[in-house]
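Chain lettering (A, B, C and D) follows the sequence in which the chains are written, and residue indices restart at 1 in each chain.
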Amino acid sequence: MVEASKTSKAERFTYGMVGGGPGSFIGAVHRAALHLGGNASLVCGCFSRDIEKSRETAAELGLDETRVYTSFAEMAQAEAARPDRPDFMVVTTPNASHYDACRAFLLQGFSVMCEKPLTVTSAQAEELKRLAQAHGCLFGVSYVYSGHVMAKEARRLIRDGVIGDVRMVMAEYPQEWLIDVVEGENKQAGWRTDPALSGSANCVGDIGSHIENTVAYMTGLRITRLLANLDVVGEGRSLDTNAEILLRYDNGASGCYWCSQIAAGYDNALKVRIFGTLGAIEFEQEQSNYLKLTLKGEPPRLLSRGNGYISAAAAAYSRLPSGHPEGYHEALCNLYDQFLQAIAAKRRGETVEAADYDYPGIEMGIDGVRFIEACVESSKQGAVWVEL
Amino acid sequence: MVEASKTSKAERFTYGMVGGGPGSFIGAVHRAALHLGGNASLVCGCFSRDIEKSRETAAELGLDETRVYTSFAEMAQAEAARPDRPDFMVVTTPNASHYDACRAFLLQGFSVMCEKPLTVTSAQAEELKRLAQAHGCLFGVSYVYSGHVMAKEARRLIRDGVIGDVRMVMAEYPQEWLIDVVEGENKQAGWRTDPALSGSANCVGDIGSHIENTVAYMTGLRITRLLANLDVVGEGRSLDTNAEILLRYDNGASGCYWCSQIAAGYDNALKVRIFGTLGAIEFEQEQSNYLKLTLKGEPPRLLSRGNGYISAAAAAYSRLPSGHPEGYHEALCNLYDQFLQAIAAKRRGETVEAADYDYPGIEMGIDGVRFIEACVESSKQGAVWVEL
Amino acid sequence: MVEASKTSKAERFTYGMVGGGPGSFIGAVHRAALHLGGNASLVCGCFSRDIEKSRETAAELGLDETRVYTSFAEMAQAEAARPDRPDFMVVTTPNASHYDACRAFLLQGFSVMCEKPLTVTSAQAEELKRLAQAHGCLFGVSYVYSGHVMAKEARRLIRDGVIGDVRMVMAEYPQEWLIDVVEGENKQAGWRTDPALSGSANCVGDIGSHIENTVAYMTGLRITRLLANLDVVGEGRSLDTNAEILLRYDNGASGCYWCSQIAAGYDNALKVRIFGTLGAIEFEQEQSNYLKLTLKGEPPRLLSRGNGYISAAAAAYSRLPSGHPEGYHEALCNLYDQFLQAIAAKRRGETVEAADYDYPGIEMGIDGVRFIEACVESSKQGAVWVEL
Amino acid sequence: MVEASKTSKAERFTYGMVGGGPGSFIGAVHRAALHLGGNASLVCGCFSRDIEKSRETAAELGLDETRVYTSFAEMAQAEAARPDRPDFMVVTTPNASHYDACRAFLLQGFSVMCEKPLTVTSAQAEELKRLAQAHGCLFGVSYVYSGHVMAKEARRLIRDGVIGDVRMVMAEYPQEWLIDVVEGENKQAGWRTDPALSGSANCVGDIGSHIENTVAYMTGLRITRLLANLDVVGEGRSLDTNAEILLRYDNGASGCYWCSQIAAGYDNALKVRIFGTLGAIEFEQEQSNYLKLTLKGEPPRLLSRGNGYISAAAAAYSRLPSGHPEGYHEALCNLYDQFLQAIAAKRRGETVEAADYDYPGIEMGIDGVRFIEACVESSKQGAVWVEL
């Protein structure tokens, strides 16, 4: 496994971005995370379908105006033709256009970091995998929570057998922000609750998929079957805003996920609890500098990032001493740290094995889409069990 | 509704007990809770199937040795014949004998407080209801958590519409104590995991039923259908030690319950979260002096028992000022406060309507058994939906 | 050390009470705690200076009306003359009358449990000690917090050297209830802020003394010098409602106490943190079922009452399994458990050494009054250091 | 007041740095915070007194090697002579060299951002103020915690009178990291506990000064007198590692600060509680996305950054939606946001009033040094009151 190298700033990278224009959220976060890393420069972009807005963003970012594009198709072609073509492309548009954007870049041989969920159908996701392989491109899916130091420590503890064999997983991701239907829902709510932009699921796709990925990352378990109840709450809405999901994993463990966008009092409260034969682990992304570890028969311990008892492998991702909080930006920056290392290795002509790098790759992207499809399918049939 | 009257000690009551001998847990708790109330005296008992052990307990409690019995049947007959017959009987034996014991007492006209779950089958529970009505007896089921002041405040807030219409209920009750199978499991674990003593369910019966009752008490909602996955974890065990349950309520809300006896790091962590259109309520029995209330769009508030903002109806059950913790004994004592008031009214010849008193009655007992039966049935069929 | 014997109910005791009439707080709590214990009966009382109110309380408690008295002096004499004289007397009046009441009972040979702070001056406290010895009486001072199982566990861990040598003590006791001056302050506020009833201090006397005792109980350290700033906040008040105190202990450790009755957001938030060379302990009385223990270089652990890792000595005081909260009543009941065992031993004619019993004795009462005197003296002189 | 403008990246800045070489902590944090901002570029530096180490850092950062210097004196002169001279200098060396470094830069007309505590003596700090004014330079002192959105919200709430007049301030900053004396203490511990590098105080200077500044920032109160007990714990150490401080403010309020580097279980636990006549505010830097607000007579509320109830002025500093944690980097970035805006205004030839910008200026730097001096003076004299 390649170690975290966040302090090596000597090697430089360039990238382009699709999405991230005025009023968007996650595009600016990717830029900030890459700024924090300090070794990647944005060189081109198509930030909005409205070229004027795109230029506005470009100007604000101090971008060369000749490298602002009206479409990702145009951008893919023009940038591929340059001698100084960017090292990778970042796709942060609404879900429904991920496939077309990624496809365009892969066909031109660009490595891609794409937002989750990867695509609207798993067939599309599989096709992207095929294209990435065919064109020798690296592919990352920005499931951000696996970038937290303490999420990495959780995975390490589980792998090392500290909590024994996993028996149950209880995970949830409640939010409040869609509790009311707002006239002309805001930009964020708007596309997420619109099937044309979001795909077949809203809540399960946007945050349920984060539960799925975080659990998969920490435990390495695969879901064999699930049963989902999706509630569409809010007049005029056609997609789910609340879901309860029961699961069975390949080792026989059972699981229960809950995600909601209509839960008063919760901001972004991803919480994962993993129970094994010897102990349990509890991680909350809003408290991402901490990890609760309990060994059976002993009092719970609250591990804090930055302390000497954290494993070297996880600690390598820390930027700040204990008690100096890191957050969302640092987690995303950690994904990019590994992604950029893989790109650097590829640039040097080395053979890159995705398994050697600790960023969510296209397999996780595919699993995420399959999870969403299975939830939608189960719920449509009346909340019955479906196999994966 | 009859108000809490915990300070009125002038009126005196007498009672007998079945169960609660050496090594038992809940019988002694009932006695302590009644001691705390200060107006009920234990006068007879059958504390164990072993008369020597029963006498040992009686001696320790300073009981008249002529009123210690070898069986509840004998006790029911002998005590019924006395001019100073006890006001009520308390049944704290393992589940499987509840029915026979309660039946014996009801047939002799004794009012009864019985531990939960009420019986092993709902047919038995219905029969007890019929007998109680036929013989003019009061009947309580000691679902203790509804006795907490802040559980009462939660119910009041929901009834008053403070959190709007209930949309989702998330509730759980994890424990660690059965994480390992112990050679000749201890007395507590032993009977609970033994179908002959516990009935058709262990975890769902012992603690799942507490979730069901606490939610029902707070919301007034009825379950219309549910789906349960019961896991039997632990070599040699034949009953469930972990369960996940999805539910639908009569108002269309959805719910998700989790109970477990193999969850490292948890003692007795009943936690109920109720989400409505206007806000949410969160109650944890291990933090029973507090209640989290969130109104949508506002920061969460932590209500603390004993403060001026608590409603008079709930506050009437407080014994101590704010910040002076009350706990399990006080909650059980609050159930008895209402039960004893009902008994006093009956003694005075008044007509007693169970609905006027705030203790869990036989209807709640029946609902609890039906819930367990439905869970067992659903799980047996492969975790499918069953109607209630 | 005599072990906790809370379950032995066979031995019976009788007691009388001064104070605890209508509208009072702590008298009723003593009665409830003794009820919970289940082996002591109230047989006489002088609950109020108003005999009508006293009779009202007596009637409510079902007391023989011939044993209700107009003064403690009368009660001391009359009860001493009876063949069935009570085993002990409980004094729960405002501070200023503790001395006279205790004196009257000691002179008649009654053992006494008195509320804290013991007296208004340390000379009075010393005199009570002399009288208790001269008349062969047992004497307890009801510093309730030392009765918590986890306070006992804290003491045990410190004694066993688990946190090494104590270096610093940080302790606080904030409350909100006197944040405003209320017209004709309520009964509780009234006497506490009235020098004639409360003595020379209010906040430091009422709750500062609890900090002092809890720290002394846990650490065994003695204060050698202190410096106190007492703030009198609230128009028309003449006694302190907020105080900050620096201290030095006999082992060279330093300390800092803060008590306040004008701190918005706090109910009764006694919190004691003890830092040693090897680790630290943290106890909050509003979370009295838990204890935070940190060993240096390791993650903090949250110990929970009732679990197997709690020492047998402390666990012996537990009444309920882990996760079933105990609170204020149980803590006070634990003081009485030891006090009653001492009384029983004395009744049997044994020589009773206070050091063998785990209840706060007259030495702790004297220390408490000296602490208050030193705080008042220091503050009067401009918050300077004074020796103890 | 100038608004936060964190998203405007069009305007570009250049800076040099002193300190921040291999093994240092805070220099790299300044660089990361400026990276996160995305509009300032490091162009020159003197990262270590060892030029080889300095070059190593420069190479890693991709810096032009002709702009790496052997001393800050050389750097000040050489960079002042360039046509593209940097916009500002960042000083992150140990305390004792702050004065000389800042002086060298100010004399050449460079604006400066210096780490805290500003200097070793207040006379030095006053001299820097004089130089900054004489040479028309901007001067910031990087008290990072005032950069947190919720610290700004706390200040806003207090200014708006939401908690009324401040009566007491309780603040603390415990850490564990110096609990043991390590042979050849590590680089971080080494200079901080060495008077030649750290000045006359260690704990009070390093973290006590953070308490002082955070309280001053939030309340606007000035300390009029204080009394400090400084403990030198650890064999061979000559500077304080633990301190308790009592204070009086200009409005009559009292305060109590505790800072410690030998407190097991604490990482970096700055906690500030401010109590007023109408309510209270509580801020913990390790939980910097939250703020506890209590209005008297009401339950405590937990405010969370990013929600609609946060004031627009504070919210303008948020980079991420509610529930997506920000931390230390973002706080420091917020200081720089205002500092860079002031620099931009000055560059445009505008008159810049420090009071219009929300970054800690030289007055706060001077106050911090005076606070440290007063603590050392008080403790030397036996922990007596000293006037400020």
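Here is the rule we go by: contacts are C-beta pairs under 8 Å (C-beta built on N, C-alpha and C of every residue); 3 or more make two chains touch, one makes a residue touch a chain.
Remember, it's a predicted structure, so these values are computed and weren't measured experimentally.
Asker: Of all the other chains, whose mean CA position lies farthest from chain B?
Answerer: So the chain farthest away from chain B turns out to be D.
Asker: Between A-B and B-D, which chain pair is linked by the larger number of C-beta contacts?
Answerer: A-B
Asker: Can you work out the whole-Å distance between the CA centroids of chain B and chain D?
Answerer: A distance of 56 Å separates the two centres.
Asker: Please report how many Å separate the Cα centroid of chain A from that of chain D, as a whole number.
Answerer: Their C-alpha centroids are separated by 34 Å.
Asker: For chain A and chain B, what's the span in angstrom between their mean Cα positions?
Answerer: Comparing mean C-alpha positions, chain B is 44 Å from chain A.
Asker: Which residues of chain A are in contact with two or more other chains?
Answerer: Those would be 300, 304, 307.
Asker: Provide the residue numbers of chain A that touch chain C in the complex, in ascending order.
Answerer: Listed in rising order, the residues are 293, 297-304, 307-309.
Asker: Flag every residue of chain B that touches chain C in the complex, lowest number first.
Answerer: 7-10, 12, 25, 28-29, 31-32, 35-39, 59-62, 175, 266-269, 285-289, 304, 306-307, 319-330
Asker: Within the complex, which stretch of chain D touches chain C?
Answerer: It is residues 163, 167-168, 170, 172, 176, 179-180, 227, 229, 231, 233, 242, 244, 246, 254-256, 258, 260, 262-265, 275-280, 282, 292, 294-296, 300, 382-385 of chain D that touch chain C.
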